[in-house]
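Going by the order they are written in, the chains are A, B, C, D and E; count residues from 1 in each one.
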Amino acid sequence: VQPARRGKLQVVASIAPLSYFAERIGGSHVSVSVMVPPGGNPHSYEPAPRQMVKLGEATLFIKAGSGVEFELDWMDRFLSINRELRVCNGAEGVRLIPIKHHDEQETHHHEQDAHHHEGYDPHYWLSPANGVIIARNIEKALVLADPAHRDDYAVNCSKLVAELQALDREIRQKVASLKSRRFLVFHPAWGYYAEAYQFEQIAVEEEGKTLTPGQMQRVIEKAKANHIKVVFVSPQFNISQAKTIAAEIGGVTRSVDPLAADYQENLRSATQAFSESLP
Amino acid sequence: MTTPVIECNRLSVELGGVMVLDGVTLSVCKGDYLGLVGPNGGGKTTLLRVILGLEKSSGGSVSVFGALPGSFPERIGYVPQRLFFDREFPISVRELVLMGRLSKKKLFQHFNRIDREKADAALGVAGLERLADRRIGTLSGGELQRTLIARALAGEPELLLLDEPTASVDPQMKTTIYDLLDNQKKKLTIVLVSHDIGGIKDHVSGIATLNTTLYAPRDICL
Amino acid sequence: MLQEIFAFEFMRNALLAALLSSVACGVIGTYVVVKKIGFISGGIAHTAFGGIGLGYYLGINPLLGVIPFSLAAALAIGLLSKKGKVAEDTAIGTFWAVGMAVGVLFIGLKPGYAPDLFSYLFGNILTVPSFDLWMILLLDLLILAVVWLLSKEFLAISFDEEYAAVSGLQTTALYLVMLCLIALTVVVMVRVVGIVMVIALLTIPAAIARMLSRSLPGMMVRAVVLSALFSILGLWLSFLLDIASGATIILVAGFSFFLAQGWRFVSTFLRGR
Amino acid sequence: MLQEIFAFEFMRNALLAALLSSVACGVIGTYVVVKKIGFISGGIAHTAFGGIGLGYYLGINPLLGVIPFSLAAALAIGLLSKKGKVAEDTAIGTFWAVGMAVGVLFIGLKPGYAPDLFSYLFGNILTVPSFDLWMILLLDLLILAVVWLLSKEFLAISFDEEYAAVSGLQTTALYLVMLCLIALTVVVMVRVVGIVMVIALLTIPAAIARMLSRSLPGMMVRAVVLSALFSILGLWLSFLLDIASGATIILVAGFSFFLAQGWRFVSTFLRGR
Amino acid sequence: MTTPVIECNRLSVELGGVMVLDGVTLSVCKGDYLGLVGPNGGGKTTLLRVILGLEKSSGGSVSVFGALPGSFPERIGYVPQRLFFDREFPISVRELVLMGRLSKKKLFQHFNRIDREKADAALGVAGLERLADRRIGTLSGGELQRTLIARALAGEPELLLLDEPTASVDPQMKTTIYDLLDNQKKKLTIVLVSHDIGGIKDHVSGIATLNTTLYAPRDICL
């Protein structure tokens, strides 16, 4: 146990963007660590003992709560290590959206409704508006866990919320002039972002599933029809498959990160990347 | 008494499209000591395997102790011609011989002192005391052959089926084995497959020649 | 030092899990090694993915699909290799691939966002819930009971199946029981310690034990002890150096294996002089 | 219909990849099946993960670590099983686990973001880059050349290694060459079509072919043809039904395997009457 | 002429901690036909394996054709006592016999018409024409034994080492094999391991008994 962390509220977040919120709101009163290295495949995923020690000492755990891969089953296991742990659900109050099937999007609405409750796009943090909700959720949780510093948390939170709202306006402004509003991603992580700024996200891995020939065909046709020349990929994954798609549409691949730790800066650079890519 | 122990009636067996046994009619009675000879590929091993229930007949009938083959495993001892095994398997000669007692035990029942004693006795008879704790992977050809004989004897069978048990056994042991079988022949019914007609003819009570069909006294019960 | 390590519940759980797993893996690993079906751990774990996919498709807890699916796979592998004259490794490989393919298809059939269902299958020794400890204990007891009751039968079918059949044993049925026991061990252990560690613990301790043993029970005892030693040493090292625990345990075991091989090689070489 | 399918380059590439893979997998699969080392595909692929981890740790292209790592693993597996009297499945299992553990540790040692390194290892038949087609073609040519040149030697060491040694062959060296060829096939194919399909293609066609063949070359030809048939049929079906292509190919192959087994069973049963 | 083909000088071999051969001194000359007898576990197989270079000696020296064991594989034919193989392996009897030509070919060289003819001739000699296209997994014990003999003969060796080649062969074939060896004994040097002393004594030019140590005429070169 490092002395620097003594006396601080120990917080563990399940993904890096959430730790950004916790650090900003908690300020000097909290010590935040990220539980899982992003992109860890369960074949090879292994927390180190020190990480588990941190989890054991933590007072508050912030989970994404939206069905992010490793949280599905690992959460229970983490919680069983430290049963006193308070859990903050970052997604509380967020309107989660199901990823829509390209073809069915307009036509079969009722059918869609029937299975909406089944699966949601978990990447809700990628819109600043949801960022505001996350910030409030985390503030609430920090206050409950450490009422002594409630005022500091409130101040930090309002400051962050103001920044997020500014960021939202900034992005809106930036994309306002774009004519074409469709971008192509390999893994469908940018649905909330797309919804917030009236983009349409075309995903190669529709609903995060293994590719089918029809899927490939639709994506390629759509990309060609929309003169899309960039395939966006997450830096966690090998880009070779995305490169093949890019070759098929005569374009290139570019990296945008749904899990970056510097939340605001990342959204800015992603916006830059999307804007530049559109014809 | 002349209870038939093995009865084959116009038995035929087909393997991989080849008629290996064709119309074999044979009865072996209690106390018989039948020598079974015949050319390579004549079907001797196959006949034993049918009697043991390891191979299905494609025609005719077989009965062993008056029932279908495989009904009374505890009354039969078997010395196979070849053993396919893993040389690195961690099993000692003693344990392998103890396996001969398997048919005497029920499921879940463990081997007890009596089983161990019988196994040790069989080891002694086969002259293997010295090798009892050896891993079977290190045995010589003849030593392995003897171990298989000891295994069959450990089960105290009423019917003993031996498939060329002396093929790679030295002359001294060969005599020992023949003498041993002679000693037991009052209690036992024996079918001995061999190419060593000279060696067995003074011991057996009858010889049948198998070359797809059987050339033998039709009924050799005494 | 040790006290410090075991101040944490997760380390206590990890140690307990390691010790309890050693029993299951040592005993079952012995059969896996002498039957030369090391492939089966990976095979069953990945076939189980088909069960996960089915559970997900039916909208039930994906884990409910795992045990029936893997037991069915074990039975099918056993029947294929006994009745169909297919080598075990071929049968296992087929089920591995088919199980995974079935899982992928089921996930594709279900509309909605598809999570990475593999995480249901694979655990980690540092995150063993107390409940799972009870499960391994139960598994250990089951294995010990069955192996004790069927010790002579399992020995007979492992070494010389034909003679076992001649002796009146139901060899196919017994083999299926053995495979089910193996499958159960694999799916339970995979959830607790992860696939890689299961492969390691089923293979390495038993392989070293075989070099030292002349009987199956002796091999089992040695495998259990070695497995426990590797686990404890690995956990301790991983805590000291703050590196992944499962990986450290595996490396300790792997290193010991190479050491044992080297020693064997040198000793035969010296004798061979 | 066919025209429609092949209007897309990715489908043309997938078909070409499937056909080219069939050659490599059929020929190499024959050795894998008769040597009973089906385990090796999974083993080499996962050992290669260690190489990926090392490459990542060193900050070079992770793929650079794969081929040296997997060839080294093949050599080590071969030496262990020839010189060390370890069964192949045990040697492979050990390397599988150790390779993965090494990969995990390297990832853990490097600070910062750990990407999903598995995605470097596993491809998908629908996204085969044209460049990779050339690679498989090269692999095919290499395999055919080596297998043609060493056909009698490979047959000798596969069937009766002792007699091969008595005949003056360098059996260990030849076996290592064979294993390296297998390892190369696995790592190249895994990148192109994914691990599951490699396991399936190395196992299933060769296993069916063995039932129908009386010689090794005959088995190879049949395995290649079967593998190609399954791939084409699977691709076509997956296009028709719009389901995952790799999974469909595997299911077609698996279904054919069960059919062949069933037919064999029924025919021996009928004859056995 | 009396060139020594095999020369063992105070050879000793240890296997798994057991002295299997101890101080064996033996020379076999060109044209000799040596019968090697001895009890099970006497070390006969081990001696052959040392001569073939399959097993290392732990003391003394061996030379074969004046060189270390394993130097001239193309001049030696070998019939092993046991063959461990996979019954499902897709190889026909003809191909197995063709393997006997392996030592005559260089690396990368393929078998040609001559090799095939020699293999077929060997098949004929062993009476296996009828089975030539059979998968080896379906052979009977004796048929397999003959196949192994045919394989050794196909290589046209100068030195033939046979480890109980007639152990499970029928009497007729046994005579054929002995006659065959007799016919070749002018061209060949033969070491024949057998337990059938009676059977071989009229054929061989000398008999040595091996029981860890060798009991034989010190030098049996003619």
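Quick notes on this one:
Just so we're on the same page, a contact is a pair of C-beta atoms (placed from the backbone, for glycine too) under 8 Å apart; a residue touches a chain by one contact, two chains touch by 3 or more.
Note that the coordinates shown come from a computational prediction; the quantities given were computed from them, not determined experimentally.
Of all chains, the one whose Cα centroid sits at the greatest distance from that of subunit C is E.
For this structure, the chains sharing the highest number of C-beta contacts are C-D. Chain copies subunit B and subunit E are related through a rotation whose angle, from the C-alpha fit, is 180° to the nearest 5. Centre-to-centre separation between subunit B and subunit C, using Cα means, comes to 39 Å.
The mean-CA centres of subunit A and subunit C are about 36 angstrom from one another, to the nearest whole unit.
With centres defined as mean CA coordinates, subunit D is found 24 Å away from subunit C.
The set of subunit A residues touching two or more other chains comprises 41, 43-44, 46, 48, 209-210, 212. Shared interface positions of subunit E, defined as residues touching 2 or more other chains, are 88.
Listed for subunit C are residues 36, 85, 87, 104, 108, 196, 243-244, 246-247, each touching two or more other chains. Looking at the complex, you find that subunit D touches subunit E at residues 34, 36, 149-153, 155-156, 158-160, 162-169, 210, 213-216, 218-219.
By the touch criterion stated above, subunit A contacts subunit D in their complex at residues 37-41, 43-44, 46, 48, 209-217, 220, 235-238, 240-241, 243-245, 247-248, 259. For subunit E in complex with subunit B, the residues that touch the partner chain are 15-16, 37-42, 45, 81-82, 84, 87, 131, 138-143, 145-146, 163-164, 167-174, 195, 197-198. By the touch rule above, subunit B contacts subunit C in their complex via residues 52-54, 70, 73-74, 76, 78, 80, 83, 85-86, 88-92, 95-96, 99, 102-103, 105, 107-108, 110-111, 133, 135, 151, 155. By the touch rule above, subunit D contacts subunit A in their complex via residues 5, 8-11, 13-14, 49, 100, 103-104, 107-108, 113-120, 123-124, 126-130, 191, 235, 238-239, 242-247.
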